[in-house]
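Next come two complexes built around chain A: one with chain B, the other with chain C.
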Partner chain A sequence: MRAILAFASLRRHPMRTLLAVLGLAIAAALLIDMVMLATGMRASFRSLLTSRGYELRVTPRGTLPFDTEATVGSASALVESLRAHPDIERVSPSLGSTVQAQRADRARSAFVLGTQPDLQGEYTVVNGRAPLGTDTLPREVIVNAVFLTALGATLGDTITMSTGRSAQLRLSGTPTRVVIVGEGRFLYVPPGLPALSAPLAAVQAFLGHAGRDRISLAMASVRADTSSATANAERTEVVRLWIEKTHARVTAISTETAIVQVEERLAYFRQLAIILGALSLLIGVLLVTTLVSLSVNERLGELAVLRAIGVPRSGVLQQIMLEGFMLGMAGILLGLGLGLVTAQWLNAILRDFPGLPADLDFFVWSAEAAWKSLAMLLVASTVAGALPAWRASQMRVAQALREEAIG
Partner chain B sequence: MTASAPERTARRIRCRHAMSLLRSPEFSLRRVVVAAFAGSVLLLSVSAGAHAQRVNDTVIGAPTAPVVPGRAVPAIRELAIDERIASDYGVGVGDTLRLSAEAGTIGEPVIVSAIVQRAADPSEVARSEFRVRLHLDHLQRLIDSDDRVDRFAVAVRPEAGAAGVDSLLARINHVAFGFRAHASADVAVESSRTFQVVDRFHRAIGGITIVASAIFLLCILLLKVEERRRAIAALRLAGLSRRTVALSVIAEAAVVAVVGSVIGAGLGWVVTLAVNAYYQRVFRTPLTFAILTPRIALFAVTLSLVLGIGAGALAAWRLVRTRPLVLLGR
Partner chain C sequence: MSATPLLEAYDVTRRYRTGESDVHALRGVSLTINRGEFVAIVGASGSGKSTLLHLLGAVDTPDSGRVVFEGRDISTLSDADATRLRLLRVGLVFQRFYLMPTLSALENVSLPMAEAGLGKTERRARATTLLSFVGLGERTSHRPTQLSGGEQQRVAVARALANQPALLLADEPTGELDAATGAALIALLQQLNADGLTCVLVTHDAALARSARRVITMRDGRIVSDEQSSESIA
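The block that comes next holds the complex of A and B.
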């Protein structure tokens, strides 16, 4: 009955109710977007890092993976040492650099990645196959879609790859012919950057002195023998510390550390999300409080009549709070849809950030976080109606009726 | 924000060849400055008491000090460090450090000759890295890059003008092989892509906020006007025209909007002070993160006024189209 009365009260002023619901919907949309932003980067980055099953990244000391041009020398010894550790299951070394790729009259700079194809965690094969690690000639490469478009190439084409240019001789340096055997999706390469991957030994040979027995990164997978995530995390940390203690030239980064370091760089967005999320909540509360307060003031006579015919104080209180709840509910349902649409739009804007992997998302849907935040807004909007509802329930019935009758 | 090595990796160009090309009378350049940027980190060993700590530094090699003719290169080379290293590791001018291109090696001794204040460069603000400056030849030797540099800075004679710069770019690129010339303005646009994205994001959030504010304002004004419907009905019955009532409602809405926006601008100014103080401390930079210019304040007040007048007009229209007796509830 009270719900029907509350609903009727809202229906009596459709314009006012519509605007209030719209206002709450925008507040809810902004809140859900900011929750997605605050939690999404972490979730997306974690998913990216763990997608290929490597828990540790070993880089030149003090650097993040591929954050600088630094490389580690005597890579074979390092990789062998890592593989000899009983808790390390597999190690995937890789070396990155820039090469000049040419097909017919088209030439482009491209990022080249040397990997061990059977162990690599840098790309997934979309079409064709991964290059063979044997010493076949011409060398085989897998490229991304951007590369194919930039050079107008297709699978099976042969291209020329060179590692440098000699200005004096006006020639591209050390040209090598390679055949494209596959198209891959490179997980950590920024969008729009042509990329290709060849077996590690081939890339080291391309680069000559600069690549001789050097790697940019080694990814290591730690054995997970127990079902306890905590025990596995502890084991990973022990292995990480062992690597740093044993090899002074490198830094070992766990997934957690990598996430923390990237979050430090993108801290601004997290902080902005928290501030804007809090503001959305405040705006929602203010809107409901103002609306219900003015609505109660306007209906004092009507509420006094309800009290006069025997409706208890708690009944008036509940009815008015129900109005706040209904407004909040309608606003949240509308805001949920609106928030998901605006999140796509804002995500498309932020994904243009230069240098970030193409697969990294800023806004990621997390049901638990979203429902928690929307429930918070619903509770806040319901409680926001509590003060005017309490004031209405405390009114003096006779005085209110007299004032209403006199007008 | 974070430019990854795949994007930043640059092939170095032969210095002497390009310099001789650029210095030819054909181009008539005022000045050619060479800067070698090494993305590879160098390792700087800082002795602090009994502990030896390692700092990873991005290094720029540039002719920062004039070469005095006849003066021999000192046995121990000098370098300039930035104030972050100085404060974090307690290093000062005259201290001897060790510098190497490869982790795990002892490195060569270097003397700190200067402490450099970092410029307010937005492109590197989120990268909390250290930076040292060496002479070009020193860096080239350390990273074994013989005669190679990453970029040249070229100053064009003032009388050349914009057209002259374009023409020069075309001529240099026509003869260049292995390198390419870009106008500083184009480089600035490309290197500020991060901030263009942030700017677009802020504009999108600003747009959402404006829509929310407009609805909030409209809602409040409708309620305020409806709350006073009896008083307005009495005025109408006393003979006030619809136009006068509507204008008074609109005027009230305009005043509320302007006063609200002025208070909001004041609040915004206080927030900019807090934002700048916080982020300048976090990122250790003199960069100004938030700024309230008279133009922005004027835009905010004008937008509020427009929204206020619009909301007031809608509320007034709803009010004046209703008969006074209905407003009175009779």
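The block that comes next holds the complex of A and C.
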């Protein structure tokens, strides 16, 4: 009966209740988006880094993977040394550079990646196949969808690839013709950037002096320690330190280190998300308190009569708190849908942010985080009704009836 | 009619503040109401009649004196006990009806029964019977806004009877009704009294006062007359 009465009270002013629910829905949507943002980037980045099973990234000293044009020389020796380490299971070297790609009258600058197709962890084949290995000039390439669109090309087309002439980078500008044999999804390439990949040796040969026995990155997979995750992490750290000690020219970054670095860079983002989330919670509480207070003040006489006919204080308290709960529940259900839609929309906008991997998500659905935050809002909205509910339950019945009779 | 006392008030006083001033609403009121009586309390505004009604119905407590209901001193009851007493033993009817506007007549009448812990089926059956008794058997699903003033007050009476109280207290029950509707309500109350229910009414309505067997007149917080009405029907 209390629920019926609470629902009936809310139905009495449908427009006011609807507006309050919409307000709560917006607060809930904002809260869930902020929770998804605060926890999502970390989860997404971790998933991105670990998706291909490499725990260590070896780059030219002081750089992040493909952050600069810097490369490491004597790459074969470095890779061999890494592969010789007993705790390193496999190593995938790669070399990145910028090339000019042309098909018919269309030409675009593109990111070229030399990898060992059987070991690489930079792309996944979507259509066709990976290019076959060769240690002369590249004959086959795999490209991303942006590349195909930019050049109006399809699988099987032949394109011309050339380096730009640069005395500083010792690029010869020699053109070579290659066949597109596959379409791939490049995990670490920013959105909107045309990208192609060929076998490492072929790209090294193609880049001439600038690419000779050089790599931009080597990804290493550490042999798993099955005893525990901690032991695994410790082993990875030991290998990482060994690499940096043995090869002074490089920096070894573990997945954990990378996540910490990214978290440091995104700390303000997370703080902003937490502050906005807390604000949305506060807005929800204030909204419910205001609405329920207004509603209680309007029907003090009615509540006094309820008390007079035998409804106990606890009954009035429960009924009014139920109103807050119902408002919160309706707002949360609506807000959940609204939050997911806006998160998707905002994610699409943020994924176009220049310089970030296209596969990095800012808003990641975490059922646990979402339900926790929404439960918090539900509790907050219920508690928000507590103050007006308590005031109503403590009213002096005779006095309220007397004032009502005079009023 | 039995002469067993149902309600007794002994030298009851009640004072409250309105704004800056103290109002001496009751100044030592004593009375006894027996089971089965039909009593009208009359008097000018501010004479203390509604305050007395609240004390008799355990809605309020006196500053001094005692109110005894069914042999039990109710002037010192805890809020929870007083609430329980009102729920189960006292029926209250107000001038402005105070029905829950978004509930049907049936739900309004069921409300005190739900509070008393009756099951849904029993509540529904009893509420239907009560609404039929007050002449609204065909309007059980109507909301208060779909009912006339007289019909709403009848629903309020049915609600007051929900838990089969020993006492019906009504504060200006015809105050918002026209003469014809008021007369119908008076007839209903007389019928309830004839069935054995003790009724105490506060009223300005001369017709309603005349219908009572006993009329208590109040002035300045005191009972100035307590008479058996010669015009009462019963």
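Note that in this section the second predicted complex is superposed on the first by the 390 of 407 C-alpha atoms of A that agree within 3 Å, B and C clash if a C-alpha of one lies under 4 Å from a C-alpha of the other, contacts with A are read in each partner's own complex, and residues count from 1 in each chain.
Please note the rule applied: contacts are C-beta pairs under 8 Å (C-beta built on N, C-alpha and C of every residue); 3 or more make two chains touch, one makes a residue touch a chain.
Given the structure is predicted, the values throughout are model-derived calculations rather than measurements.
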Item to complete: Kindly classify A:Leu346 by the partners it touches after superposition: chain B alone (first), chain C alone (second), both, or neither?
Response: first
Fill in: Contacts of A:Ser76 with chain B and chain C, given as first, second, both or neither
neither
Worksheet item: Now for A:Gly96: first (chain B), second (chain C), both, or neither, which partner does it touch?
Response: first
Practice prompt. With the two complexes superposed on chain A, say which partner A:Leu401 touches: chain B (first), chain C (second), both, or neither.
Written response: second
Worksheet item: In the superposed arrangement, which partner chain does A:Val311 touch: chain B (first), chain C (second), both, or neither?
Response: second
Discussion item. Per the contact definition in the header, classify A:Asn127: touching chain B only (first), chain C only (second), both, or neither.
Written reply: neither
Worksheet item: Given the superposition on chain A, which partner contacts more residues in chain A: chain B or chain C?
Response: B
Worksheet entry | Complex interface listing, chain A residues touching chain B | 13, 15-16, 19-20, 22-23, 26-27, 29-30, 60-63, 66-73, 96-98, 100, 109, 111, 164-168, 170, 188-190, 193, 195, 216, 247-250, 262, 264-268, 276, 283, 287, 290-291, 294-295, 297-298, 342, 345-346, 349-350, 352-357, 407
Response to the item:
chain A partner, complex, touching residues on chain B are 1-11, 13-14, 17-18, 38-41, 43, 54-56, 58, 102-104, 126-128, 177-179, 193-194, 197, 200-201, 204-205, 208-209, 211-212, 215-216, 218-220, 222-224, 226-227, 230, 279, 282, 318, 328-329
Fill in: chain A contact footprint on chain C (complex, rising order)
16, 50-51, 54, 57, 59-60, 79-80, 83-84, 86-88, 92, 94-96, 98, 100-103, 107, 110-112, 114-116, 159-160, 163, 171
Response to the item:
Note: in the complex, chain A contacts chain C through residues 1, 4-5, 8-9, 11-12, 301-302, 305-313, 315, 397-399, 401-402, 404-405
